[in-house]
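Just below sit the structures, each encoded as structure tokens.
What follows is chain A paired twice: with chain B in the first complex and chain C in the second.
The block that comes next holds the complex of A and B.
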């Protein structure tokens, strides 16, 4: 199932996105470029601030860790030199998690991370913050089997699929830029270098575009096909946004 | 053509510099990566103007970023010895408006503007490194050309795209104001920072006009729907 996204629905934020996929629902809001506190000001670049609020309870070091990962990844794609001495403030609120998330055996921070990255990116696109490229992210899980091969990999599994495949030996989150460069690589568990390499290759196929240039292809594969191309999905979301903004041109 | 950040715009989609204009001008949303790549930085639709040999990305989201030459509605917050501190958008550094940048202002006769008063000004200088500077006077002639304090009227917020359409005239496809202007008299000041100041003489007319503009913006009404809206407003007055 392809993820769903609604853009620019919060009127008081410069940009916003609600992202829903496989039971994970996250609302992201971006404000910027706005005034930055003197102590955080950087003379030649923009300051990026990420705030993550969990679905239940208050923020803990888990959220701080995810904020650091998000901050480092997003800062590498935001064109910070074009808006110096300003602040780009990204706020992410986890609305809901799938019920089985806590019992999958995989670190819940890892399962949530790709969805957080997508929400943040969509909110940044909604706020028209200058970016050097887009990014897509995916979770790969390697269950414990006697002969782990590429065919036993779980690409972007749902919480139920992870539960059924228990025990999971290792889980990996990869994020790729629009040009195919790896931006984030977080792994957890026991694995060999070959297993990691295969997981990275599979992730690249899911995340990136096959051909070069501006893709004009339409449509997302649904129903059964694992790992539909995320770059195509992102393009279709942006196309919907642009059509929505320009509907006055064709209105009666 | 819909582009995402990082997409390289192909050469044949850009207007070619011919004749007098030798250079291609890149507007908001596009950046030049030497030697020959033009890449997009935001998500939107690519728009080209072959006459001006310019290309830019059209998008109706995000915050207003001050650009030199824009007409804006500024709100005066405080005054220093030499200038007024004004805001163009909330939570951004002040834009300065010098006391002497008004028509007929001298060191002895400065304009008196209270906090929260509105001024229709032009952005004199705006770079990414400094706070923007405003002016209410044409620098070459010294005349105000319609700029200056807005004495009365009510503020309405509209989207940046709608503000650009209103300032674009017939190309913006907004017939609402002409339709209303046939039967009603009102004054309106449109700022590129998404602010519109309407003065309809009385509260009812002012509110009706302002709300009509916001509805035409939010519902993306076409010309026919705008005319119907104008008729509805005129009937209710």
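The block that comes next holds the complex of A and C.
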């Protein structure tokens, strides 16, 4: 099942996006460039602030860790020198999680991370914050088997698929830029360098390789091409939104 | 004092002279060009040196001293250059009656399957048998003023430490369980009496920083490893008459923790130099990956990588490195090929840290 997204639906925020995929639903809002507190002001760059609110309860150190990861990754793609002495404030609210998320055996921060990155990126695009490139992210899980091969990898699995494949030997989250460079990697578990390399290869294919899209959108045709990769999906979301907004202009 | 009076007496140099800075002024005013000047300095036969006189691949030597704290079950003081941390491990008893939902207790068998490992991890996580805590606001660094609430950096550090402790299954559940073997089977059968679970040892692992000069995570983890290896847990038993858990006073009955492997992290910082394009229009290679960054380098570098390896699994020593965790964020310089080199550096570092933790100080 391909992810779904709605853009610019919050009218009081500069940019917003609600992203839903595999039971994870996250609302993201971006305000920026706005006024920054004197103590956080940077003379030649924009300050990026990420706030993450969990589905239930108040934020804990786990959310701070995710905020740090998101901050580091997003700061590397936002063109901060072009909007100096301002603040780009990104707020992410996790609306819902799949029920099985806490019992998959994989760290829930890892399963949530790719969806947070996509929501944040869509919200940044909606707010027209200058970015140097897009980014896409995916989770790869390697279950414990006697003969681990590339075919046993789980690409962007749902919580139920993870639960069925328990125990999971290692889980990897990769994020790639539009040019195919690795922006983020969080890997946990027990794995060899070869296994990691294969997982990275598979992730790159899902995210941004042309004619990729293994296991993501099977059976869904986009512009006549079956199986799109995440980068294509991202562009199609924005394209649909722009076409919808421009419909009066192109009415005649 | 003498330096400031000297500056007051000597006015600024003539405008015609080139602008020169003494080293510390240069480092404060322009940190990025300062580090760039060090790394890009032409030294034909030698590797480029950083501002702290180390090469890009060089880690600081780790110094470990264990057993210095009297009231802890285990302790260690670790020095990584100017970064030093103290770790104390204290064991407290958690009564089984206070545990809300006990997982089905299964005695550990000799062979550990993946399912057993998974179940053990679940039990340790849900019961919170390991309670790590990190205190950065001790006056160890100007970025963390004492008396403030834990900063985002502190909370991130504690989350990383805790998730690594749980995912590597470093501490064995069998070392923490308090069992009771009844003298005879209550069902009156001839079968061997099943051991009953009466409680757990909960380990409170506290890390205090004496000073931080970069790479707080590696220092914290080295301190935890050394403190856990040094820990001695008294023998706890169930007293039928008093119906409570008692501890034996005899040190010879105490047991130490048998850790599972020895995961060692290596942190790297990526310095993106100024890219000069040469005549053919290609960007010249000007990025360096620095092992074990210090505080100055951490302020200048955006991208960081942390590789956790464990080479105790196989018998071939460092040739059998297994990765336990990989973290990379903040930029796009390190790709898959560069990561291979960093894993190799991390494996070499594993050997150094392994020797340091195993030598009796």
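Keep in mind that, in the parts below, the second predicted complex is superposed on the first by the 231 of 252 C-alpha atoms of A that agree within 3 Å, B and C clash if a C-alpha of one lies under 4 Å from a C-alpha of the other, contacts with A are read in each partner's own complex, and residues count from 1 in each chain.
Keep in mind that, in the parts below, a contact is a pair of C-beta atoms (placed from the backbone, for glycine too) under 8 Å apart; a residue touches a chain by one contact, two chains touch by 3 or more.
From a predicted model like this one, the values you see are computed outputs, not experimental measurements.
In the superposition on chain A, A:75 contacts chain C only, with no contact to chain B.
In the superposition on chain A, A:117 contacts neither chain B nor chain C. Of the two partner chains placed by superposition, A:165 touches none, neither chain B nor chain C. In the superposition on chain A, contact is made by A:134 with chain B only, not with chain C. By the document's definition of touching, both partners, chain B and chain C, reach A:177. Once the two complexes are overlaid on the shared chain, A:249 sits against chain B while remaining clear of chain C. Set against each other, chain B and chain C differ in how many residues of chain A they touch, and the higher count belongs to B. Of the two partner chains placed by the overlay, only chain B lies in contact with A:35; chain C stays clear of it. In the superposed model, A:90 makes contact with neither chain B nor chain C. Common to the chain B and chain C contact sets on chain A are residues 177.
On the chain B side of its complex with chain A, the touching residues are 1-8, 10, 29, 31, 39, 41-45, 58-63, 65, 91-93, 128-129, 161, 165, 173, 220-225. Listed in rising order, the residues of chain A touching chain B in the complex are 7-8, 14-15, 31-35, 77, 79, 82-86, 125-134, 177-179, 213-214, 234-235, 238-239, 241-242, 245-252.
For chain A in complex with chain C, the residues that touch the partner chain are 61-62, 64-65, 67-69, 72-73, 75-76, 105, 107, 109, 144, 166-167, 169, 172, 177, 181-193, 196-197, 200. Those residues of chain C lying in contact with chain A across their complex are 114-115, 117-118, 121-122, 150, 152-153, 155-156, 158-160, 163, 167, 302-304, 321-332, 334-336, 339-340, 343.
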